[in-house]
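Please go over the structures that come below.
Two complexes, one shared chain (chain A), two partners (chain B, chain C).
The block that comes next holds the complex of A and B.
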């Protein structure tokens, strides 16, 4: 049996961080607000496919390349990478700009996808509608070649290439690149985690939980609940959009089959359920456990071929599906069930109580 | 029966004029004219299906009217939504208390305050932007909790409360909003007689201390009529009697609507 090397663990960290951005933002929408969102993959796809569409074309325009972009995409992206390799500022600028635009694309998609709420659609049906919109979204990207050449996909300019160019002689460029992805993902994850955790411990978090428990009652208390749903979807999809950008940049290639509903919608739901709804700590643990297990199963798949009575291709789904079912039966509230998160500390509240 | 609207319109906080609501062929609320006096504690009663809750739903914007007008503090609120009506100071509670089960008692009260900047999507992560307001709101919430007698249970989850406490918490939520008038649907349904008295005593003291107008919808008249100043009887979607509680309860129309034709006082 082969033990995984350092690259395996670096990639594992990248996957964990990217999926943590998704699950924390998903927890905001589903765990805290109760929106049954079955369309999460399109939020990641908005960022990921935008990454395949925009940065390459933008760079080609800036470099004065007049050739048909999609027809010569491999050569053009190679030329772009040569420039990016020697220009850290340009690379960082491209990375930051794409992240911002990815967040905007995700946010706009979240806003549009939740608009049926204003037509009086009920929350459960919104969940189903989101699933339908997501399938349509993926079908369009897969079949409409002018976006990213559908099933053939496109290479993406690499904003981390300069790290390999400037790395010390005894360090592998690929290692430096992975470190670049990790640091960038870490920054985006820190922003996401800060936002989601702060919100959960704020008056807004309290309001979101109240809406989840009884939206009609919150309406009776003077809030426009539909507007709040739309805002949550916009913010949550924007954060997930950045995760899509990070994944696409990490892969350096995006195809129409990426960001499918199983890996990018259903697995994140499973991670959040595993950890515990409306509990950010649970979401973090659930995601780490789930991704680690998944990556190890994938790594040892070939070794298991001779032991298992079935193809190891199915092992990942069987194990994770069984784990999820067991969780729902024995610990339906997850590894870390929801606990009250009060904006002010207990001591502060007692002090205020005494004062009154 | 003396009509309350004989007084000045300034004394009236809530009025309906020919208010009508239909469900297909059924006229649930039939041209109801009703005036509720400012600062009063009144009861609206009537047999099942009389249209009481429908009237409340239409008045508070939960159902769209089919005709007539609703006036609150002299302003026409007929076409306002539930949230807009609430913001004007007309709060309601439901037959079954609408408590947030996974929030603490204190948080249930705090939710009723809808001017907290910490509920904004940009300000929420910045504690400094809402901390001061939050502290002031918590202080106010404790005053309300004291009024409804739940201050010692502030950290219990809403779902852990008994039926009676849940009803009091519901009232507390309405008070926290700074409501000028409360419409409370069956505040003492399903609670023991002693707790029913406690609840109505508290409501009465709230009415006196806070100057809030309270209209309850209630079936348990043996208890409720002891506490209210004014009574409205409803049947078949119409107000059939109103006035002093002891007189309204004896009105022939009221007896007939509850017990039928043969019990009519000749």
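The block that comes next holds the complex of A and C.
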């Protein structure tokens, strides 16, 4: 049996970080607010496909390249990469700009996707609608070539290429590139985690939980629940949009088949449910467990071929489906059930207790 | 005597029959058992593979295999109820949890169907993916058999369901269970048996639809991905309320999708065909924004009154 090398673990870290951004933001929508969001892949796709569409064209425009972009995309992206390799500032600028625009694209999509809520529809209808919109979104990107050449896809300019010049001796440039992706993903993840944890400990977090538990009571207290739903969806989708950008930059290529509903919607749902709804710690653990398991299955796919009575390609579906159903039947609150969030630190509580 | 039926009409009606079987199934599970079934289209794929197995392995004809689709699909529906839905219901799962569970079920069933297709290919050396069953169809007076049989079976089942739901004690009991299961239980209704019956129908109806699908269209284990938007759209248009609205919703959406896209492809070109799903998607969005209760929630009595008024005014003006 072959053991995975260092690259495997670096890629594993990247996957965990990217999916943590998605699951933490999903937990905000479903775990805290109770929105059955089945369109998460669309948000990641908004960022990822934007990454395939925009940075290359923008750089080509700045470099004065007049050729047809999609027709000569391989040559043009090569030229762009030569420029980016020599210019770290431009690379970082391009990366940051795409992340911001990816978040904006995700946010706009979240806003649009949640508009039916203003019509007072049942949350079940929203689930159905989002799933249908997501399938349609992927089909449009897959078939409509002017976006990213559909099934052929497009290469993406590499904003981490310049890191190869700062490579220590005996270290491959690809290692530096992966480190660049890890650091960037780490920063975005830190922002996401800080935001999600802050919300969970704030009055807003308690309001979201109250909406989830009893929407009508919150409405009776004068809160506009629909507006809150829309805000949560917009923010949550914006965060997921950034995860899509990071994934596309990591892959350096995006095709119309990327960001499918199973990998980018159903797996994150399973991760959140496994860890525990409305529990960020549980979500983190659920994500790490699932992604590690998935990556190891992919790595040992050839070995599994001899053990399993069926092709390991279908193992993912069997595992995901079984886990989702089993968790919902036997442990619906996840491995780490929701606990009351204490807004004050223990010391502050002790101080207050002494004072009284 | 040969009657020539335009292929478009024949395809549109068969597609509408298939979709309506699924919309009725999805509406039944939601209204009677409070389960939003996201795996409904995959129940149809199960029907496809039951008929495929009957034809290719056991040498049974396409239409005789309908009985196996009905029974097989129904039994699978009951097994799913007993193994997944019942335990979830017992622990008081919410609607959202039920939705996610049926999504998990959908993924699980698609993986199983893929494994089964691999098994058929390996063991029987038959192409169990991307196949059609067109050669097993017959022609009667120039009309495709699938058009006649699917339409007859659909109306036969629809009338049977109507009679069951409106004229029998089971139908009345099902209505009571759908509205208030606890109260129905207090009245001595065996709710458990009714849930089993509902899930039998929920599995059997899409499976029958699935039997007709491969006669005109290519089938594989992921066929459900291509029809699911249409099925949901039909359900939303119907208003997830009664089998009549579900059937009408399914019929309208499926006919609109087939006829409109075919008409548009003649005008703008064949490139439009992959975007045919936009018709059901737009129908769904328009329904949600303009009349979220669907056909069921439309003020029919007021609309009919207005219609009569318009006809009267038209008559007076002519006079």
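The rule is short, and it goes like this: the second predicted complex is superposed on the first by the 341 of 356 C-alpha atoms of A that agree within 3 Å, B and C clash if a C-alpha of one lies under 4 Å from a C-alpha of the other, contacts with A are read in each partner's own complex, and residues count from 1 in each chain.
Everything that follows uses one rule, which is that a contact is a pair of C-beta atoms (placed from the backbone, for glycine too) under 8 Å apart; a residue touches a chain by one contact, two chains touch by 3 or more.
Since we're looking at a predicted model, the values are computed, not measured.
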Touching partner for A:171 - first (chain B), second (chain C), both, neither: neither
Contacts of A:194 with chain B and chain C, given as first, second, both or neither: first
First, second, both or neither for A:324, with chain B first and chain C second: second
Touching partner for A:348 - first (chain B), second (chain C), both, neither: first
Partner chain in contact with A:224 - chain B first, chain C second, else both or neither: first
Contacts of A:216 with chain B and chain C, given as first, second, both or neither: first
First (chain B), second (chain C), both or neither touched by A:124: second
Which superposed partner A:202 touches (first chain B, second chain C, both, neither): first
Partner chain C, residues of chain A touching it in the complex: 30, 34, 36, 38, 116, 119-121, 123-125, 127-129, 131-133, 135-136, 139-140, 143, 262, 266, 269-270, 273, 310-311, 313-318, 320-325, 328-329, 332
For the chain A and chain B complex, residues of the former touching the latter: 194-195, 198-199, 202-207, 209-210, 213-214, 216-224, 231, 235, 338, 340, 342-344, 346, 348-349, 352-353, 355-356
Contact footprint of chain A on chain B as seen in their complex: 60, 62, 82-84, 86-87, 91-92, 94, 98, 100-104, 106-107, 110-112, 114, 116, 118-121, 124-127, 130-131, 134-135, 138-139, 142-143, 146, 151, 154-155, 157, 173, 177
Complex interface listing, chain C residues touching chain A: 30, 36, 38, 84, 87-88, 91, 93, 95-97, 99-101, 103-112, 114-115, 118-119, 225, 228-229, 232-233, 235-236, 274-275, 277-278, 280-281, 284-285, 288-289, 292
